[in-house]
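Here come two complexes built around subunit A, the first alongside subunit B, the second alongside subunit C.
And then the complex of A and B:
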């Protein structure tokens, strides 16, 4: 029982890790918590559905479609909404991002209604590994999530653009005077993170049903993972995702399944009270 | 001085919000020249450097030319690419990145020159080679200042804008920092420096500019300013 719950926790974590890493990168560059990330996930899930079910194309093309749609909608939300508000207080941008989330979600409802949907995939029996049950889709989620998270880590650590992103997150003013163009880095970050949110929508659609709330339901756990890991720390967000994913699953041992969603809120509350910089973030030192 | 001096500032006005801090300052720095700006706190010295570097947007009508090219109002990243390297007094390194990553980012505009740049700055500050993997935020204040200065040197800038390069350093480190500044200046770099350690800074400079209340109060050769009784009483204090 415990083994199965921990495995489920890792699958949950695999769904949370890429968007949590993307959220923390986006926050680092743009300095506000973007509540529209769940809507980007939803758009990705429905774009994948459109490509796979409505256009009848293979599932791997749906992955590309989800990433492209996520990147496009994230970039557009910046160009049309967030960029004109640059310089306003983070709380203003936070409130606006909630509005963006509602608008995007309602756009999805306008085209697809509120019905649940799924990809055009053959139903298969779960596999048994060391007595634990796992579906082919869940295995794919684990692999794709691990690969994406590793690629993002490599990008941030070893490429010039990744180092420039970290530099811009660390000290945007200094980055600019060192010749790193903030605007171009911001656009790249929106596209990259949007693609990751879109992919997360596809992965969530593989594991769950596709419905307009699919991203919203992941928003709080994504925030919890990023805050737990320490905002601004991509590695921390990964570990935060694993801890939140497992914690959510283990909750069912003591509470009804419906209370799983409360775990994210509980983690955020405890952290904000006792360790607001998370497990791996650095406390801000004020003179 | 010719119109295409490495740095020429004319009628520069700058400030924050509606308030002007710098009121129509004009000055220029020639190739291989070092000019030190001295003055009391709040005189607008740092704001002048920031405006020249694009970190603060100059007011309309201000002029900043780099080798004859007008750069006032351009983004700081473009001014950096024009050959101006600005070293802020504080928050002048990427604290969460390693020393080596900091230095590499100093050559962001031309990454083919990273290896050359690293060799050059390691020759000036060998300790940065030994601490290449250390996180910049964990270095001592002196080593952080070295990283900040070295980062600015990675692409052999034509103009260096230094804001309080000796701030917070031990006397030994101050001497080392000034020696490094002299060495860089001798390679032909035009240096405009703001420094509280005014006497020591003027001693290594060609010229000095005294700023008060956002305007130029006096200017002259460094030797003349050091010898000027009123400047000494008002701005150089007992340190002289």
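And then the complex of A and C:
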């Protein structure tokens, strides 16, 4: 029982880790929590659905479609909304990002309605590993998620563009003075994060069902994972995702499942009350 | 048609009270609250449960609704003073969701998703059916005016000046000898009290409250009202609440005349319109339709 719950927790974490890492990277350049990330996830899920089911193309093409669509809406939302509105108070921009989330989600709803959908995949019996049930899709999610998270970590740590991204997030002015093309790095960050959100939409659609609320429901657990890990750290976000994922599953032991949605919030609240900068985050210096 | 207009105007009234309350917390004092729907729900359920299940008179129920709002507001404010703005946004949003989940799951108290039926109405036996809607509109309008008067009085008073000082720089305010914590908690509680009152008024108007009424979207629409109207300006946000409500509810009219779109599609378009409106207003009028009046020292 506990073993199965923990395994489910890891699958949960696999869904949360890539978007939590992307969220934390994006936070570095935006400086406010972007609530529209859930909508990018939703767009990714529906793009994959359109490619796989409506166009009848193989599932790997759907993955590419999801990433492309996620990158496109993320970049568009920056170009049309966030970039022109830079300079407003973070809270105002936060409300704007919710407005962007509403707009994207309702656009999806306009075309697809509120119905529940799934990919065109053959149903298979779950496999049994040491007495634990796991489906083939869930195994794929675990692998893809681990690979993506590792790749992003390597990109941030070892490549020139990754270092430029971190420098820009840390101090845009200084990075610019040192010859880092700020705008180009920002656009690259948006496209990369958008693609990860799109991919997360595909993964979520694989494990859960595809519906317009799919991304919104993931938003708070994603925030919880990123904040738990300390904003700005990819490794922290991964660890945060594992903790949140397992916590969400284990609470069914003490609380009715209907309260599962509140777990993400409760984790954030309790954590922030005692460690206002996250589990591994450092207090920032007020400039 | 006219019955619809009266009902819509009453709804605008609830929105206006919520917006005035948020302006007190955020516009004047700079405290972030995304849990509006939670305080609104607490007021509604407190008054609804006390009148429908405990047999309290409506007037006391409404007062209790406001009191519960204030108490919850003080608690949330006390717990969250250390948090930065954006984290506070997430925590208050979470507070509202927890309130909503409790209303959804604790059937014995709230009747859960079926909704709590509330028969009690203020002066319910005095007016006929047609007149009652008008009476309730007048009651809500009076409440709006009263909350507006209190908010304006606070804004003009020395107390309001301290709030603005805290908003601009809390360190300076505390160096000047103001107890920032007390001001913050008190102001947040007053705002939450108004939200609770709005909830109680709403409960006895709609007479059947369910958790689905108190979705986070309510909080977001109030935020949009305040930003569109102009944070810090009480008159401006009355306009903002009116505009947002007009788009939300008024476009239902459209459906009576042109039947091109089904209700579901129209509801999507409404929300898209509000989102676009917010972005366009912020782009071209960054301080909202009616920006905050600059403080002018009186010359004598």
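We take it that the second predicted complex is superposed on the first by the 284 of 287 C-alpha atoms of A that agree within 3 Å, B and C clash if a C-alpha of one lies under 4 Å from a C-alpha of the other, contacts with A are read in each partner's own complex, and residues count from 1 in each chain.
Rule of thumb we're sticking to: a contact is a pair of C-beta atoms (placed from the backbone, for glycine too) under 8 Å apart; a residue touches a chain by one contact, two chains touch by 3 or more.
Just so it is clear, the structure is predicted and the values come from calculations on it, not from any experiment.
Novice: When the two structures are overlaid on chain A, which partner does A:76 contact: first (subunit B), second (subunit C), both, or neither?
Specialist: After superposing on A, A:76 lies clear of both subunit B and subunit C.
Novice: Just subunit B (first), just subunit C (second), both, or neither: which does A:103 touch?
Specialist: A:103 contacts subunit C only, not subunit B.
Novice: If you stack the two complexes on chain A, which partner ends up touching A:164: first (subunit B), second (subunit C), both, or neither?
Specialist: first
Novice: For A:176, select first, second, both or neither according to whether it touches subunit B, subunit C, the two together, or no partner.
Specialist: first
Novice: Check whether A:50 is in contact with subunit B, with subunit C, with both or with neither, and answer first, second, both or neither.
Specialist: neither
Novice: Does subunit B (first) or subunit C (second) touch A:259, or do both, or does neither?
Specialist: So A:259 only meets subunit C here.
Novice: In the superposed model, does subunit B or subunit C contact more residues of subunit A?
Specialist: So, of the two partners, C touches more residues of subunit A.
Novice: Enumerate the contact residues on subunit A facing subunit B in the complex.
Specialist: The contact residues of subunit A facing subunit B are 160, 163-164, 166-167, 170-171, 173-183, 232, 282.
Novice: In the complex formed with subunit A, which residues of subunit C make contact?
Specialist: 26, 32, 79-80, 82-87, 89-91, 93-95, 97-98, 101, 104-105, 217, 220, 223-224, 227, 264-265, 268-269, 271-272, 274-276, 278-279, 282-283, 286
Novice: Could you pull out which subunit B residues touch subunit A in their complex?
Specialist: 53-55, 75-81, 85-86, 88, 91-97, 101, 104-106, 108-109, 111, 137, 151, 155
Novice: Going by the contact rule set out above, which residues of subunit A touch subunit C in the complex?
Specialist: It is residues 32-33, 81, 84-85, 88, 90-92, 94-96, 98-100, 102-103, 106-107, 109-110, 113-114, 220, 223, 227, 256, 258-259, 261-262, 264-266, 268-269, 272-273, 276 of subunit A that touch subunit C.
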